[in-house]
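One structure follows; several queries about it will come next.
When the chains are written out, they are named A, B, C and D in that same order, and each has its own residue count from 1.
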Amino acid sequence: MPEVLFEIDQSKSFYAQEVNCHNRWHPDIPPVATVRPGTEFRLECREWFDGTIGNNDSAQDVRDVDISMVHPLSGPVSVEGAAPGDLLVVDILELGPTPQEQGPAAGQGWGYTGIFARENGGGFLTDHFPDAYKAVWDFHGQMATSRHLPGVRFTGITHPGLIGTAPSHALLERWNTREAQLIATDPEAVPPLALPPEEHNALMGGLPEAEARAAARTGARTAPPRENGGNQDIKNLSRGSRVFLPVFVEGGKLSVGDLHFSQGDGEITFCGAIEMGGYIDLRVDLIKGGMEKFAVQDNPVFIPGNVEPRYSEFLTFVGISVDEKGDQRYLDSQLAYKRACLNAIDYLTKFGYSPEQAYLLLGAAPVEGRFSGVVDIPNACATLYLPTAIFDFDVRPSASGPRAVDRGRCATT
Amino acid sequence: MPEVLFEIDQSKSFYAQEVNCHNRWHPDIPPVATVRPGTEFRLECREWFDGTIGNNDSAQDVRDVDISMVHPLSGPVSVEGAAPGDLLVVDILELGPTPQEQGPAAGQGWGYTGIFARENGGGFLTDHFPDAYKAVWDFHGQMATSRHLPGVRFTGITHPGLIGTAPSHALLERWNTREAQLIATDPEAVPPLALPPEEHNALMGGLPEAEARAAARTGARTAPPRENGGNQDIKNLSRGSRVFLPVFVEGGKLSVGDLHFSQGDGEITFCGAIEMGGYIDLRVDLIKGGMEKFAVQDNPVFIPGNVEPRYSEFLTFVGISVDEKGDQRYLDSQLAYKRACLNAIDYLTKFGYSPEQAYLLLGAAPVEGRFSGVVDIPNACATLYLPTAIFDFDVRPSASGPRAVDRGRCATT
Amino acid sequence: MPEVLFEIDQSKSFYAQEVNCHNRWHPDIPPVATVRPGTEFRLECREWFDGTIGNNDSAQDVRDVDISMVHPLSGPVSVEGAAPGDLLVVDILELGPTPQEQGPAAGQGWGYTGIFARENGGGFLTDHFPDAYKAVWDFHGQMATSRHLPGVRFTGITHPGLIGTAPSHALLERWNTREAQLIATDPEAVPPLALPPEEHNALMGGLPEAEARAAARTGARTAPPRENGGNQDIKNLSRGSRVFLPVFVEGGKLSVGDLHFSQGDGEITFCGAIEMGGYIDLRVDLIKGGMEKFAVQDNPVFIPGNVEPRYSEFLTFVGISVDEKGDQRYLDSQLAYKRACLNAIDYLTKFGYSPEQAYLLLGAAPVEGRFSGVVDIPNACATLYLPTAIFDFDVRPSASGPRAVDRGRCATT
Amino acid sequence: MPEVLFEIDQSKSFYAQEVNCHNRWHPDIPPVATVRPGTEFRLECREWFDGTIGNNDSAQDVRDVDISMVHPLSGPVSVEGAAPGDLLVVDILELGPTPQEQGPAAGQGWGYTGIFARENGGGFLTDHFPDAYKAVWDFHGQMATSRHLPGVRFTGITHPGLIGTAPSHALLERWNTREAQLIATDPEAVPPLALPPEEHNALMGGLPEAEARAAARTGARTAPPRENGGNQDIKNLSRGSRVFLPVFVEGGKLSVGDLHFSQGDGEITFCGAIEMGGYIDLRVDLIKGGMEKFAVQDNPVFIPGNVEPRYSEFLTFVGISVDEKGDQRYLDSQLAYKRACLNAIDYLTKFGYSPEQAYLLLGAAPVEGRFSGVVDIPNACATLYLPTAIFDFDVRPSASGPRAVDRGRCATT
């Protein structure tokens, strides 16, 4: 087991850990450790809502979470010799849920998928699902099952939802400017268009208090993916992957968080994936001057690992960019994928699931979401691939019709 | 070999075939044949620009094509007993390029990928590539290589770009209305927002001339995918797939066209994929009342085949919904995928390819395009997976830097 | 379509073709064509029993075949510049059943799997199945079904059972010597231990008659795989594979035959696989001095293609080297695999198949046979992987027990 | 984390643990725990040579091990209600190396592959490699590298080499009888033909001392696989697998051991695979009367997991049943696989590896060994598939020849 550079007591809040914690992006947050290229190390991670979501049958906790506390990040770790313009090579050697029992937080043998209420963050299908829901998943080694989704059992595609380097001051300012401009176009939008810097609940790592307060006023929120990687929520950035991250500050300052036991493409429920606390083992290396050499400047590149769960049969749903009211939109893949997801949900209800259960399933199971046609004016075409083997019944269309049975219900408010 | 229900002379234009041809969607076009459920049959297909694109080193033909002639469709074939509300089950048993030499059209051992000029249709990256380009691919069994893209060799993921049933009159009217409304928002857009019905070059199958002329005035253009399937350009709808298509008219009236030797997700160059004439072997069956039973009403569903080319290592590019000028957009996967594609193109130029070559490659090779995060406000995250084994050099980032050599050029005007 | 260098009229016997035919290995058989390295070409192939097995419900034809006529070989093709010590690089670009209807021989939309009677060749399990049986398979594109094996449907793993270069005179003599020595240990064995040269039914290609007769007296029979490749029956030497064959004579003299629509590992029924006539497209190249450079001297090496059918769930049977009477044998993988096959057959009978049907299935479907432990004295351990998705029922063990129904019967005498 | 039913102190010998330990098969060994069907639990495992093999550069420890001490087994665990004739359903939920540092034994971040000397057990190629050798592997999450095999890096296919139920008295007697008969055919063979019961070093679990001594005189050695499963060394019995084991005694009495970080098909070096101590998480269930219902009587069946490392390109070596002296043998797959392994070793030496290094590699890396032809008299044909991506150089044949460099050496005596 590699050395632990960031140690978490999973029985305590992220605000009460011994180690310096952060939940904002800021170049001035000092590293918790500095390692040489070639080093392997472990970071322990707190689940993204800091243990406030319970293993129970009510979604009130999901309804009431305070999104200003996300994401608890582990790190930053600096790498000797890393300088702006380099590529930081990060191997994701291993990751998993919290190995030992330590209090009741997610990751102790279970995780959860939530649907945010429209008033508290919303999600991909918030117009159709404005209220809060939850499914609790039990871990069986690499498999997950849920009492809230009977008839389903799948292998998790474990990955960090969030991994990234620290932005430079200039890059941070660029983020804040462009996001503020977007917010200004509709400041009262519900859910909001973007999340501006927010002092409340901000943790700024090892920065002295006065500096921390100042930094919190400009520190970038961690919800979106950006040039530094960040909350990309790429399910295939799984165990065994090698990531090439742009370096914007001395040392690179690598942070990680938001571990997922599994996720469907899109993480459509937002409070999505199967959330868990746990650990991640990394190895770091450098490609000096790699950003320019390989033109990797605006976003990371990566090579996925080779142990993703192997499913070979899929039922595929198609969506096009005509909205639910029948209005034609112009080449809009976001809408096309939404329609594909809604088509899948409608389909699954024919087998006895409630729409909420189906929505939760698509956020958590290893479904593939693909861009199919993006140029066939005026309709983008998106496809969602649902592995048929995750069901303990035959989910394919057949002349005998779907076998609808009572499939229980998910956690509601 | 199953019976040929639609026979093409590949040495002649689609406008000069003996069989009744069509290139518009219309419920009144009579079937070329009627078969029982359970029947297997073959349709021969003309490539999507009817042989006007040549196996040469100039892209002038791509620049000058008349888009009103697409797509030459094979069929329609009616199925006995198919009635509105049913699902038509179509097995794609086999498909491939034209087996025997018969004139010089694409499909006779070769195919092409084109980039449309902005003034003539454009494409996904038309702001960056406003001119016409072309790559010619040679077929070696299931493998493709191109003198316009040296260093690349891959297995095609053969599929019909277009497969669908006939719309009902009501559905056709809905299409025309919604698309006209979209066009009305910017009638002068270049490229246009959508393609309205167009009598010029319309072929209406076996309809008598007067009826044909009338029908051509409302017949839907074939460019976009719609509720009936149509030009979905789903690369994974490959050999061995089973498609469940909604039936809107008596007999279902199945049409197929736009065969692709290979395609990348998105078919981003528009005159994209690797276009070819050829044949397709199908088997049809019915699920009576299946649209309601399985809630398959707005789009088809399908089960992909199990002989897609197997690549296991990918270099993945990430894109987010910040546009090329740095402006923040709100959860826009279409833009995010565009940025991922541009990132991949920039990357490949470091190895000696021109941007046009890289663009053509992404349209033709079996690259995967995935929705990654679609909810992390304000940035959608899209990923493009490039199989590393299609290159005869090491395309992965390394400390030694990329090996840039002269990689020739594609066909230009 | 590449040029056809070996053209077969599938309505005629191999003994009545216009082209010079051979069915023995001999260095003196002249090439039917000579090509340059880099050339692509097509060879048409006759099925391994020359069309004598019929699409019917009797196995009398299998019982009565004359094994001295196998294998009808296509070629030999010489490659310019190929010299002893080189490696001949052969790309299997494509292969498939006979494209056009031309008489009733296997390959015209159907193929067969046979079990030889003990008196006429036998097979892997001849002690258990001493009589002749047959299953006829119908081709549906890449899929196969059989009226003799209801409930089964799978994608073929198409490949040439036999591909090889000509032996040198010295090598041929070595073969004849060592095989004669083996036969001498039990000359009356039924089935025989090996097949010595046999003039009856010998075809020696373009050799003048007197020379042909002489050559037939030493020409090696084609049943076994040897240093030149030959009848390896490797199911994974499928479409897209690249084979590196040792060159023993000037030109290499490449011959091909025994096309299989599909096969299970081991081709256990001997008259096995799914036999068909058809075509194969090849590309040849050379690695000068490659045998020594790469130590490829005793057998070919190859890189399998990447379009094998993808099955992801298997039911695995285990066998060890204790024989059916309970006697312990020492590290005998041949026996261990036999026991694994027998275990699989016993299992399948619980679902309603006859033992003969199950045996035929294991010979034809894409089952994997693996060496597991080969050192754990005294028991070798072999495993047989049966893809569960090829059955239209659930073939896995379950608490509710197997669902045995009437599954008809195969062709018998 | 499931409850630990068998707890090991990895800093202590198997002979000094607190828990009752066993290393022989015997029906009378009492269970360490009894669980209900449906229970999940963890067993900790000692590596197969009890920590006597060191992380160093000498193979003297491998040369001198005492094989009478293998295998340290964890369990037995009884299942409530299990009775002779049932099938015990065992899900392998998870397994891995020892999580926490606890002394220097294999499993603490590293493992080893050994080649036994002929005088001390030998191995598959002992005629070619009569001396002892060793390679030490470092674990990097799921990846392994070795200072003794530079240029190689692969993902482990983690599995228990040994899993089985207790034999009945009758079955045990049958084993002892048949193995004694084999030994009697050549009692002085080196290595021996089989391993008879041996009191020296025997551990008989919780049996009182007198009974233990008696039981040790008939307790079956654990080296071979048998009807109860046992030391099957099936690499694909990996994480996520479901095994169906015959039950021969009340409670079933499940034992597990010999954890492997990785293994090639055949485990050809005998002291093979990558050996490690660690843990395994299991879930048990029952199919009452399953042995008869499913005809699973002579050996287990299993369904492999779906997270095996995914390699898609292989270099394949062929072997036939002609021995190294050129003598023809009759349909002998054991020999054919040996020849394929020797061919692979010869090939790899051309790239700079010593034969010993290549042998060690084939025992440890996830190579596939397949039965290809088993009926083509007189030659069996076996194939060995070597994943090309495990090398950091191009291992495929090419016109430029192999790039031989100094690749160091393995541990020797």
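Just so we're on the same page, a residue touches a chain if its C-beta (ideal position, glycine included) is under 8 Å from a C-beta of that chain, and two chains touch if they have at least 3 such contacts.
Here is each chain with its UniProt name: A, B, C, D = Formamidase.
Since this is a predicted model, take the numbers as computed values, not measurements.
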item	value
Pair sharing more residue contacts (C-beta pairs) when A-D is set against A-B	A-B
From chain C, the most remote chain by mean C-alpha position	A
Intercentroid distance (Cα basis), chain D paired with chain B, Å	50
Centre distance in Å when chain A and chain D are each reduced to the mean of their C-alpha atoms	39
Chain A and chain B: spacing of chain centres that average the CA atoms, whole Å	32
Residues of chain C whose C-beta touches two or more other chains	306, 310-313
In the complex, chain C residues that touch chain D	87, 89, 123-124, 174, 178-179, 181-182, 191-195, 223-227, 229, 231-236, 244, 265-270, 272, 286-288, 290, 293-296, 298-304, 306, 312-320, 322, 326-334, 337, 339-340, 343, 346-347, 349-350, 368-383, 385, 388, 396-399, 401-402
Chain C contact footprint on chain A (complex, rising order)	310-313, 389
Touching residues on chain C, where the partner in the complex is chain B	1, 40, 91-94, 99-101, 109, 140-143, 155, 239-240, 281, 283, 305-311
